[in-house]
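Structures are listed in the sections that come next.
Both complexes below contain chain A, partnered by chain B and then by chain C.
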Partner chain A sequence: MEKKVEVLVCYGTLCHLMGGSDLQLLGELLPLDLQGKVDLKGAPCLNFCNEVDNGKPPFAVVNGRKIEQATVKKLIQEIRVELEKK
Partner chain B sequence: MKPFHIDVNSSQLSKSGNNVCGDVVLSRKVKDEQRTIITVSDGLGSGIKANVLATLTASMAMNFTVEKQPIERSAKTIMSTLPIDSRRQISYATFTIVDIDNGGETQIIEFDNPAFILFRKGKLLDIPKKDLSISLNDGSERKMLFSQFTLEMDDRIVMVSDGVTQSGIGTTQMPFGFGCDSLNRFLSEQIKEDNEISAHELSRKVIRKANENDIYKPQDDITCAVIHFRSPRRLLICSGPPYNESRDKQLAQMAKSFNGKKIICGGTTSLIISRELNVGIEVGMTLDNSGLPPKSKMKGFDLVTEGILTIGKVAEILEKLHGTEVYGSGPAVEIVKYMMESDEILLLVGTKINIAHQDPTLPVELEIRRNVMHKIANLLEDKFLKDVEIQFI
Partner chain C sequence: MAVTNNAMLIRRDLLTHFIKLLIEDNLADVDRIPLEMRPKNESSIRCCIYKDRAVLKYKLMGMLGFSSRDEVDELIPLSDYARKAFNGEVQSDKILTVVDEACSSCLKINYMVSNMCRGCVGRPCMVNCPKEAIKIVDGKAKIDHNICVNCGQCMKVCPFHAIVYIPIPCEEACPVNAISRDEDGVEYIDSSKCIYCGKCLSACPFGAIVEKSHLVDIFRTKKSGKPLVALVAPALAGQFGGDLGRIIHSFKMLGFSQVYEVAYGAEETARLEAEELKESLNAGEKFLTSSCCPSYTMLVDKHLQELKPFVSKTATPMHYSAVKARELFPDACTVFVSPCSAKKREAMDDANVDYVLSFEEYGAWLVAAGIDLNNIESETISEPPIAEAREFAISGGVTNALRVALNSSNLNDTQVNGIDKTSIRLLKSFVKNPEANYVEVMCCEGGCVGGCNVITNPKVATRQIKNGKK
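Right, the complex of A and B next:
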């Protein structure tokens, strides 16, 4: 079976406020061709917000890569990048 | 914290056609002396006039008892203070006074109300009563009943007005009314069915039954007050990381060893506890319309939520709430529901400040956790009469 792309979305206070609440909808907004290929999970807080060098919230992690200022569009792009790698 | 909790609740229905109930139930906790006093009074007649008589009687009885006045004197004062009914030419209101102290030592004085009912381990218990007669200034004599006993865990005291025992009077099913025996049987059945039944629920069931007996047209004011002596329901709310990381372990141990319901509010807090206790967190993906981050699951805890936004919402709900029924959905509403179902609430507050939360470019202002928790503690104590303890770590 094909390995799914792992997406971890931060549900911490800061990420939620800075637009992370939209990311909860990612599962519903996935384009048809990506459905079933993504493993979407939430995290209580990814602890990226504590360091300024990490960039700006909201944060997400796609296959272990940190994504700053994540949006649904950006995450879909990143998922495609991961799928093409294979 | 105390080993037991006294749960007092009552329900009432007014006589059909009246907006105001002529029975009055008052309860007060005397915090310094750790006493709980409950007074029940039924005023002569019904409507506003009865309510005034009953309110006068119940409040006088309450205040005299708080001040530890001798009962003969209190009763005399009450009876000579009540105004004389213009039609019936008498002044009259019944009363029952219950005074429970810290160790469950109970004194009950009854005057003309239906006898109180004591349930122990689901069974009716007969308490010997002493006659107390007092002579009034006009030469007449009044008889009161005095009883004294010690409450045991899970005891229930039920008090009703004659509107309950005489409900259904004149109907073909019960020409002489519901009666004390049927009421006792009804109560035993309810307690047998649900041994955990709350004081509120039991009193509701009694007045519903009385209303039914009266074919949904109460013939008199109906009142039922229930006192339940039970172990306290305890709730722990952990929020915020400890000020110093070296105390993370202590926080986790306190959370683990707590006996009662447990809630964690805070992403980082839940991660700390998860790390220290080595239990996984499962973040929920369910969406609701609360606008708050979703709740998570963690073994050993009843609820895990986000921190400052959620507790801010909790404070807001508590501020607006009337009564104890909470409607709606979302993590904050769930927390409030847990609070309403508890007697003793421990707020364990970590005081570390998340620097990122102080960023001036944030779209909303994030409050300091410590202040919000203080506000919640005050609301729970003053408005909802909960025993609240707040600990900073």
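Right, the complex of A and C next:
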């Protein structure tokens, strides 16, 4: 069984305010070929927002890698990057 | 509007910075906000960071209720304006203003020939132009903008898609032509035409349209020790993860002493509007339209007088809940928590609503206060309103609530889901040929969940409101 790409989306209030609310649609916007290959979870504030060096919200984590200014499009790209690694 | 672009994110960031200072009671530092947001040695968005900072200053001035055009002395610091606003010395009734420094004065040219023009032999653009405004210059088509009437024929017939349409986003978004360029080329909002839908606010890619905020007034009241009551609109239940109990608790954390759900007012609106519908149909009227969207009622008052006899006289959920809140908490200041600028306008004429806090301002306040809604308790709502009342915020929801109140399934209804130039024409046609006996009109597509101040994607918000009712 192929290991799924783990995507953790920050559902913290700050990320939500700064554009993160759209990320809640990631699950249904996944292209057909990616469906079933992603383990999608939401998390309370991941605390990335406390450190300026982390970049700008909204944040997400794809297989342990922090993604700043996350958008649905950007996350789909990052999921593909992870799948190609294998 | 929830669909994000950077201009909106800057606005939310600006609000968060500003509220932090309000919480610290340190408005003297407001002059630092533009410097904090655009620090030295960082890349600029406009021509240079100095322009960026100036724009932020003027946006803050607009939020405080001052128009950047009224500025007489550029050396007066922002903190002076903030102090005046905090002391309640602004008496501006302008809710939406254009920050002239931010307005890019978008070109008034609608159709333009791009360099994809091949100067073809057929020249359909030239042949089909009804005004003979197109000539071939240096082997390419050229539109004479003094003759062009913006009909768009040339764009339709060009086989190379070489002619482009360049809209002025705010003018394009405005359903009632209330915004136009003044003699300086800067956009100006004509308040005699404006219906405060906020579509220009969401549409401007330069973020040049600013909404006056009541934040300073709310904090002034809070400082005076007067209790604050939050009137929470049904649409808020779909925002921020959709846990209304947590949202209610968060208001207590922000310093509100009471929270009153506007859905109770919606129950009242539904009950009274159902009675009114029955009576007016019995009296032989052709149809009745809803009245809970203030943008729509303003549209009728300012632009569609012929529809006036058909608009329900029942007041909005905000009004009934504000009356009730005033009765329950007579010494408190009432703050309506709102999805759009039209509600802010409506509140100005309602003595029972003191101030309005937009969803965006509420979100920025949570962030400024360091509150994460995921990590706080959820308050139990002891006597929840009927589920249909909470769905007022979704297109079709008012009709549903009415159907329940009428206890009838044979309501012959239709919905106008979003006001634009096309739906205005449709509304006009109802006077002669009504399609239904009840017409629900929502200015924003999808209902209040699509308002200009919402945070959550309307699709998600709709789902969250529907899930919440279980």
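Criterion: the second predicted complex is superposed on the first by the 86 of 86 C-alpha atoms of A that agree within 3 Å, B and C clash if a C-alpha of one lies under 4 Å from a C-alpha of the other, contacts with A are read in each partner's own complex, and residues count from 1 in each chain.
Basically, contacts are C-beta pairs under 8 Å (C-beta built on N, C-alpha and C of every residue); 3 or more make two chains touch, one makes a residue touch a chain.
Note that the structure is predicted; figures quoted are calculated from it, not measured.
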| item | value |
| --- | --- |
| Chain B versus chain C as contact partner of A:27, first or second or both or neither | first |
| Partner chain in contact with A:40 - chain B first, chain C second, else both or neither | first |
| Contact breadth on chain A, by residue count: chain C or chain B | B |
| Which superposed partner A:12 touches (first chain B, second chain C, both, neither) | both |
| Footprint overlap on chain A, where chain B in one structure and chain C in the other make contact | 11-14, 16-18, 21, 24-25, 44-45 |
| Complex contact set, residues of chain B against chain A | 267-268, 270-271, 281, 283-285, 287, 291-294, 296, 304, 306-309, 354-357, 362-364, 366 |
| Chain C-touching residues of chain A, taken from the complex the two chains share | 11-14, 16-19, 21-22, 24-25, 44-45 |
| Residues of chain C that touch chain A when the two form their complex | 2-4, 9, 12-13, 16, 240-241, 360, 363-364, 366-367, 371-375, 455-457, 459-460 |
| For the chain A and chain B complex, residues of the former touching the latter | 11-14, 16-18, 20-21, 24-25, 27, 40-45, 47, 49-50, 57 |
